[in-house]
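Chain nomenclature is as follows: A, B, C and D, assigned in order of appearance, with residue numbering initiated at 1 for each chain independently.
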Amino acid sequence: MALDRFFRRRRPQQQGGADMPDLWTQCPKCKEGLYNRDLETNAFVCHKCGHHLRLDAAQRVTVLLDEGSFTQLSGAVQPTDALAFQDTESYPERLKRAQKKTGRPDAILTGTGAILGVPVTLAVMDFAFSGGSMGSVVGEEIARAAEHAARHGTPLVIVTASGGARMQESALSLMQMAKTTVALETLAEQGLPYVSLLTDPTTGGVTASFATIADVIVAEPGALIGFAGPRVIQQTIRQSLPDGFQRAEFLLSHGMVDAVVDRREQREYLASLLGLLTRREVSA
Amino acid sequence: MALDRFFRRRRPQQQGGADMPDLWTQCPKCKEGLYNRDLETNAFVCHKCGHHLRLDAAQRVTVLLDEGSFTQLSGAVQPTDALAFQDTESYPERLKRAQKKTGRPDAILTGTGAILGVPVTLAVMDFAFSGGSMGSVVGEEIARAAEHAARHGTPLVIVTASGGARMQESALSLMQMAKTTVALETLAEQGLPYVSLLTDPTTGGVTASFATIADVIVAEPGALIGFAGPRVIQQTIRQSLPDGFQRAEFLLSHGMVDAVVDRREQREYLASLLGLLTRREVSA
Amino acid sequence: MTAPIDTLKELEARVRDLEVTAQRTGQNLDAAITPLRAEVDRLRAAQNPAQPPAPKGDPTRWERVQLARAPGRPTALDYVEHLCTEFTELHGDRRYGDDPALIGGPARWQGVPVMLLLQQKGRDTKSKIKRRFGSANPEGYRKAVRLMDLADKFGLPVVALVDTQGAYPGLEAEERGQGWAIAESIRRMLNLRVPVVNVVIGEGGSGGALAIGVGNRVLIQENAWYSVISPEGAASIIWKDASKAPLAAEALRLTAPDLLELGIVEEVIPEPEGGAHLNPQQAAQAVGEAVTRHLRDLMAQSPTDLKTGRAARFRRLGAYTETT
Amino acid sequence: MTAPIDTLKELEARVRDLEVTAQRTGQNLDAAITPLRAEVDRLRAAQNPAQPPAPKGDPTRWERVQLARAPGRPTALDYVEHLCTEFTELHGDRRYGDDPALIGGPARWQGVPVMLLLQQKGRDTKSKIKRRFGSANPEGYRKAVRLMDLADKFGLPVVALVDTQGAYPGLEAEERGQGWAIAESIRRMLNLRVPVVNVVIGEGGSGGALAIGVGNRVLIQENAWYSVISPEGAASIIWKDASKAPLAAEALRLTAPDLLELGIVEEVIPEPEGGAHLNPQQAAQAVGEAVTRHLRDLMAQSPTDLKTGRAARFRRLGAYTETT
């Protein structure tokens, strides 16, 4: 697939941890120091080892959508502490911290836009917000995005990144697995395509609900994807796990995902695929 | 399950090979000599080792249906030699021999009857006719039985026993896999249950078509059931096959059949099951 | 019957082993430990046949969790034996295997023809191990989907008894798509055009429970629990210490009255004084009556209403505020 | 490119080994032998690049079988490369694995969006072995069912290219329900509400071919064969001697003109003089044109008519007489 259409100018993004100058980011895999400007033009993929760095929701939108095409839908729905959940810290305090860190109400960003001209509704999970955990807000925003796509006749793309359900909302979090499925069925009944893009990491309740009932499931190279976490499994079976277990490539060979697609090729892949799957009306 | 309802008087059946007096049959498994009269009252199951002896189509009808309830449907459809198939013997000669041996036009017997009072349409393959091979007549009669059941609102039970498709009709035999499926879909669209009973042996094209798309699949104990034959597989993999490979119990543990049911319990099993699956109309 | 001493000793050793590992590594091993620990308790109780005293007054959340795991608490098949005739277990997913942790088939529930889906923990040590203490593999959920297809085709209402600590966290389960299988089961149940009544009869652990929990009416027994994570799991995450499970149970609000208040269940089914294990017969009568009442109510609805009503039920659930 | 000598020698030894076993035991091993033998032929031909002379006049049935297996005959993916743009291969059955012997995905076929189903034999020794010479496992057929579901949902016509000696006769294939998977694939294709066009582009062996062969229009290339059993298989059964395959080919009437006469195919697609392998480009043009013509014709039909028309087509097939 030709990459040249991919390399257009990106909006600059802040990168680099506390120990690194703002101009540089260290590759978490090969430890190479990478110019942030180069990283951005390379879709945040390490030039040296090909490692796909984790993105926050805004970066994902930038990497995936045509420049300037994004219109945000999410934002009005805010989390609440229905259980008065208290552990070492209260749930509202945790939320406040995560909101401050990410600048959004919860671990989800949705909106509309275009991929190489193909209009889509897009939902992106934000791992930076509480490990991308799914509570009532994530569930509601995913559901609304699906319903928006159904109403406006666009395909839906969901980018997942989640450690699982949000403990602090207990059974209410669990119910989001069903809620999102209900909304996705509304989309399916319209004959509109839904593609999920599983990124590192996607585990727990997200894997066991909306992430894996997509018409086409695409995974990013090297992404950890599974239901149970690797440590829990290792203790259950009491032996070490095979190399690459629960990684995107492992899942491909076990028939669970349709393709593992390099981040630099995802726009072309999705645009072509969504074009092909857009329902052509056959005479009734 | 209580067996007492099973033991009613059976019509006497001729048994015993050339070397055995007509009063006796030798169990092919444990070699015990068995009184034919005892065999009949025990549904042709060896008293000593539980081996399920192979039945011809008439015996199967006797074992399965309420006495006197059977009305034959099949018989009018006759095989023909569309390919002028000639090998060591012509196809018409082969057919004549099989017809003389079994007294029926082809390897299939269909009709209507009742199982403990539950009306059914029944199709029974006859392994004694050319190894139960499926050609155009078998396909047509299975299809007609399914359509009869759909038209008259009865469940369908098919008892399989087949070495596969009939070579002498080449691609025409192959097409029966599709033809039977078409007719069974007509039945399915009526919401009527179809149960297959797989008996020893069921292999080849029958396994890869109507036998395995039943709503419920029941197998007889010890029956060999598979697509490829064990010898072909053994040569492909070049190692010996595990004990019990492709037997009914093996298939049960691999999730392929719903139950392995002793022949002496099949009537109660089927009557109860068909009663439960008979569609209750929910208000539209 | 007294349990074999060897089995008990072996299980105790295994539990200690796992606890040490959990302590040392700070990992959450409760999926492995808890069922074993419950089994140890049961075996000990069996050797000393006196039942533990029933808690007085309103039990705490943690006491309810213990009641949900009490030795002798009726399993799904115990309810079926009390309430059903003609249960015909149908086996297999027709793709890979047959899972003894999630079973089902048509039956008459107090005379009403239904399709049963049952998470079955096992009733003795051997069957508990065989049934993985009710923790299903993908094959179990795929069998459930197949049985729901049959229920839909033949107009059979579905009755699902939920009792699991969660889906089985095994290597092979992951290889064969545990998450995929659960998601498919949820979707299939949501799309059914027949009545679906679910009862949490013991433990309702996470997605593995929800997989057969998305019906028109979700009921729960008085001392059952239902949560996104077990109290031990939550305690391990929060305090790195599974023994803080009683605190986690409070925080998670996982009891039947909590769930009723949160709008997640329609009804709490009362248990005999002291817990279902003290009078399984009476517990079964209460479950039978409640399910049959809801079934009869739902059977008056059209297939379309059943599906859209169920969808609307789950579309609503969740707690958030909205700025304008 | 010259084939590695080692691979050729190894394959030859394997073939001899199997032939000896077949001779000694009287078993039918052609499912194992034939693809290896064809590969040996191909490797030999590659080392001696001159093509075998094209048969003059109307080839015999056995000559056609040999043409269907000729080294260099275009595989399914060769047709896709000549005729399609935007082929997006979708992988996996979402249950167990991904089968490289039966692949597929959406593509534009001469500009028309379609869902492709391809039996792919492989183009070099390594890929042939990986793809099991086009003999699919249950995962392949289950992937086909999944792709047909997508085709139905999105209104994509299905184009299926058939090229297999049969489903893979392996132990694991049986364990995972080879017969079940084929039956399900047949049923799914028969129920599609979109146009389905099938082309037998080489070998059409038994149920493994039929599994993706039940469309509205079934086409066959001039030198392809389609039969309930391979000529070697039939010869082994009839004469206990696979070398009598030429006789069996005659008896089975398995060539394209035979099948047209029997009403099993709608159309024979002409091949370049001497066979498709002598001019893959021209062969592809003929296949492309024929498929596109049938697609355009079928795309004018309603979903219901497509399904009932396809059902009626297969309900009719067979030869029998009827007494009254």
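Basically, a residue touches a chain if its C-beta (ideal position, glycine included) is under 8 Å from a C-beta of that chain, and two chains touch if they have at least 3 such contacts.
Here the structure is a predicted model, which is why all the values come from computation and not from measurement.
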Through how few touching steps can subunit A be joined to subunit C? 1
By mean C-alpha coordinates, which chain is most distant from subunit D? C
So, in whole Å, the Cα centroid of subunit B is separated from that of subunit C by 40
Just curious, how far off is subunit D from subunit B if you go by their C-alpha centres, in Å? 31
Rounded to the nearest Å, the gap between Cα centres of subunit A and subunit B is 52
List, in ascending order, every residue of subunit A touching at least 2 other chains. 212, 254-256
Which residues of subunit D are in contact with two or more other chains? 94-96, 176-177, 180
Among line, ring, star, complete and other, which best matches the way these chains touch? other
Output every touching chain pair, sorted by label. A-C, A-D, B-C, B-D, C-D
Mind listing the subunit B positions that touch subunit C in their complex? 188, 191, 193, 212, 215-216, 252-259, 269, 272-273, 275-284
In the complex, subunit D touches subunit B at residues 18, 21-22, 27-29, 31-32, 167-171, 173-180, 182-184, 186-187, 190-191, 206-207, 210-211, 214, 226-229, 234, 237-239, 247-248, 251-254, 259, 262, 264, 311, 314-324
Contact set on subunit D toward subunit A in their complex: 86, 88-98, 105-108, 113, 139, 143, 150, 153-156, 193-194, 299-303
Can you name the residues of subunit B that touch subunit D in the complex? 75-80, 82-83, 85-88, 135-137, 139-140, 143, 165-167, 169-179, 181-183, 185, 204-205, 207-213, 226-229, 231-233, 235-237, 241-242, 245-246, 254-256
Under the definition above, what is the set of subunit C residues touching subunit D in their complex? 94-96, 138, 142, 176-177, 180
